[in-house]
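Each of the next two complexes has chain A plus one more chain, namely chain B in the first and chain C in the second.
Showing the complex of A and B:
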């Protein structure tokens, strides 16, 4: 019985591939086809080069599907656009209006408390922040714009990514369905979704935020999933033995124990967001990335490198804050064992 | 089994050697540089088709965006560029000519238009015909820039190209800057996508654009009238433009401005390639190569329907006219004709 089922499966695959080939043959342009389809079986010269009639017509349906999306759901995307753009502009304007020493002071305060009062990290971050404006006064406002986009992109990633990661860890079917999608999101060239992003959302910050989401959410989902699955079975059994419900186990045991991994995911997510926001300058996103682009457009290597250094500094700031916060978490949930000799 | 392995290996080696053999036997080797916009693709396709089938050359095409391709060209890695938007990169291009890195090979498309465009529907509805017509707050509202409240947005040229700075100066001279932002779309693909997207959604478009382009055949854009081109005025403006490019936007001084000059697109080759006597026939051919704007537009129209099949586009162009036979000796032309 089981054998019969596997054969049926193979048969279905076979039928699907044959029908796909027939569809592609029928939709190929007449000038690419032999005069009659029986010619294929008489003249085998098409085995040398890939024949032009053996071409699966994926482009046209994708194009018309995309057009349909724009025409029918334009309002929906407009809504997302306005929401994200409102968030971005209000955040940007409020920070740009602040005097710069105050911004540095705020960054220092955040770092100091997020890192659990580590002086060394705080001093490093303060130094990097100061150096952003010090490199070139032009960079200060642009770095703020980039930061705002990265932060909003990250929030989006966290809000969607962590619940998805939890769902993946708890249900094998969800994981099997989502893994190929995550692979796709991580490997598809960014311009494949940057340019459609312009068609849907227009030039500017919003397609960049969407691109950040596509590019940076997979590591967060994967690490959340991994973190929750790595929680010791014994610990979960113990919590169940004490009569904890599934919900209580999740919130009281699994998530706290998975926090170091989740924080690592957020850290990775931040780094990848920053990488994407630089690429996004090619679709008209304002920020420190356009300084790099401008330098390269004018073959001005010095200018591009200077802006590149600013991006590295920005990355160090983000990395140190999230990393040290993660370490603090780790110390809280898994205190280092003291070894007494 | 061992025999089979040996057989496969030897077959592999023989095929590699024979491949190398053919490339060594070819009369010449040409490395063309191509860009990420369609008119350059079409020109490169036509030239490489003729070089391949007429002159029997080995042609390699490398495609990329302006800066890397031009940098590789000045460096001598790419032999010939078939479409250079000279005026946009005039500084570095002239520097390369002065240094003797490249030689210019004359005009490719005699005239190309650049300017400010508005979509036809909006232009008809609000009677927008000139740049002056745009300068009303209620008109600017139509093109609202979501990132700069209270202003309209004109999608402009790519920053770093001369046209971006030209547009900036024009905005200030005309007074457009009070109503519109000069928005840098970041790349050519992004600009096209922004225009196409606005048309799909039926939204008003106010943009800088140029012909010949494939997109121009697909969308209905109306060029806005500017003060007529005047050589003295343009020269005066370009001084300010160069100053801004060197010293930043604060270097702006009051100047005058006029419509874009009809810009000719040019071709160029590396000095090393051009000076090699073996390449003389090729250089002669490329020098003569020139296609009027109308024919370029026709080829671009075909390219759009051919699903990006560049060879088919080149063939269609060569079948459609015979003006090209004058670019080359009769025997070469005959060879090209035979291959069509």
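Showing the complex of A and C:
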């Protein structure tokens, strides 16, 4: 019975591949093909070099499909574009308008409370923030732009990534369906989705946010999934044995215990967003990344390095804040062993 | 009607358990099934009755299916075939909602590695069963505090589980199980992870609690001494099969097969056999016409090792009395030596 099924599967694969080859042969240009298809089996010279008629026609349908998408669903993409762009500009403008010492003060306050009142982290972050503008006054506003893009990209990742990760952990079918998609998102070169991003959303911040989402959401999804699956089985059994519903187990036990891992995912997500925002400067996204690009274009090593250092500082700021917040969370859920008798 | 009835339960782990089931029912062994189909037999035709208010100990080595069995009672695991009746309701017929209600109000569970929630304090852990029932915070904390006091953990209620020692953690687990005040308690190797001293402490605590609360307890263990100490009835599992069910004395005196015999071989009989088990009735004693020399009075519930040294010192006949001092029977030296002799499977003890 089982063998029969396997053979059937092989047979279907065989039929599909044969039909794909036939389709590619038929759609190839006549000048690339022999006069009659029976010639293939008489003259075997095509075995030397890859024959031009053996060409899977993927480009054409993709292009027409993309055009169709823009024509028919342009409104939809425009809606997304307007929403994200509005969010971005209002956020950017309000921060740029603030006097710079106030911005530093806000960053310090956020760090101080997010890290659980750790002075060391706060001082480090304050120093890095000050240095952003200190490196070059030009960088200050650009760093704010970059930060806004990263924050919006991250919010998008969190809002979509964590629920997806939870769904993956709870359902094997969802996981099997999503894993290849995540692999694809992580391996496909970023320019492959930056360019369609421009076509759909125009130049600027929005395609960068979309690119950040594609590039940075997989680790968050994976770590959320892993975190929830790593929760001790006996603890979940205990929860179930006392009659907790699935929802109660999820919110009361699984998510709190997976939080350290989820926080790690958010941290990873931030770092990858920052990496992407620099690449996105090549499609005209304004921010600190375009300084690096400018330096490269002018072969100005000093300029590129200076901008590079600014990016590293920005990364340190993001990393310290998310990391220390994660640590605080972990301390709360799994306090270190203290003996106080 | 028994409190818990388990009827012909089979559990097979693997991809297609229902296809393998007929093979198991026809009597193929665990090894054969594993070799032919790659499926593991967890439970093989287990039927059990557990009465109200008793402590039923389920014993077996690791891999014998005892933890699987206990998880069937609250349906953390679904059987491949068979029925489980708790107070007459078939657990297998419950839908999702009713199953949750059933778990909330009918039974609670204690776990081998405690199963405490590391992100909750002791009082939150103990109150968890009440929390999922939707009890108000105040009421929940009041009941939780009572149970924390009952297991002797006052003052630790705001600590986190990993700030406590193993024994204390398991007390939290016990308090959590007591808090929902269910009739049935399932204890899955509850004391196995504790060191011997704390273990015997916890056993004492459980016995004390049990004399007060009279719950129906299903206790899983791989430790024979523990099962003899706690159990009103003991069931022995081997490779997913129930080999023998009986009182502790039955198990020691009449082991059903070599497996059980090997299990009980090294038991200190004097510590587990009570005087009333082996005594001769006064009539029998007189009929045999054995002479009464010195007489030692013992209570019928005394274990043999409590008066054994005395008998050895001065050859004497033991007079067994009940709590009011009425003579219930006699133990002669011959009977005593017979009871203490290690027997093999075939030469089981005959009074």
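Note that the second predicted complex is superposed on the first by the 337 of 341 C-alpha atoms of A that agree within 3 Å, B and C clash if a C-alpha of one lies under 4 Å from a C-alpha of the other, contacts with A are read in each partner's own complex, and residues count from 1 in each chain.
The rule is simple: a contact is a pair of C-beta atoms (placed from the backbone, for glycine too) under 8 Å apart; a residue touches a chain by one contact, two chains touch by 3 or more.
Quick caveat: nothing in here was measured; it's all calculated off a predicted structure.
Applying the touch criterion given at the start, work out whether A:150 contacts chain B, chain C, both or neither, answering first, second, both or neither.
Neither partner.
Counting only touches as set out at the top, which of chain B and chain C does A:283 meet: first, second, both, neither?
After superposing on A, A:283 lies in contact with chain B but is clear of chain C.
Should A:294 be classified as contacting the first partner (chain B), the second (chain C), both, or neither?
first
May I ask you to name which of chain B and chain C touches more residues of chain A?
B
Go through the superposed model and pick first if A:234 touches only chain B, second if only chain C, both, or neither.
Touch partner of A:234: chain C, not chain B.
According to the stated criteria, A:242 is in contact with first (chain B), second (chain C), both, or neither; which is it?
second
Should A:317 be classified as contacting the first partner (chain B), the second (chain C), both, or neither?
neither
Once bound in the complex, which stretches of chain A touch chain C?
For this pair, the touching residues of chain A are 232, 234-235, 237-245, 248, 252-253, 256-257, 332-335, 337-340.
Applying the document's contact rule, which stretches of chain B touch chain A when the two form their complex?
66-67, 70-71, 92, 146-147, 149, 155, 158-161, 183-187, 189-190, 193-194, 196-198, 200-201, 245, 307
In their complex, what parts of chain C are in touch with chain A?
Per the stated touch rule, the residues are 71, 74, 76, 100-105, 107-109, 111-119, 128-129, 131-133, 160, 162-163, 176, 180, 186.
Under the stated contact criterion, what part of chain A meets chain B in this complex?
59, 67, 70-71, 74, 81-82, 85, 89, 191, 194-196, 198-200, 202-205, 281-286, 290, 293-294, 296-299
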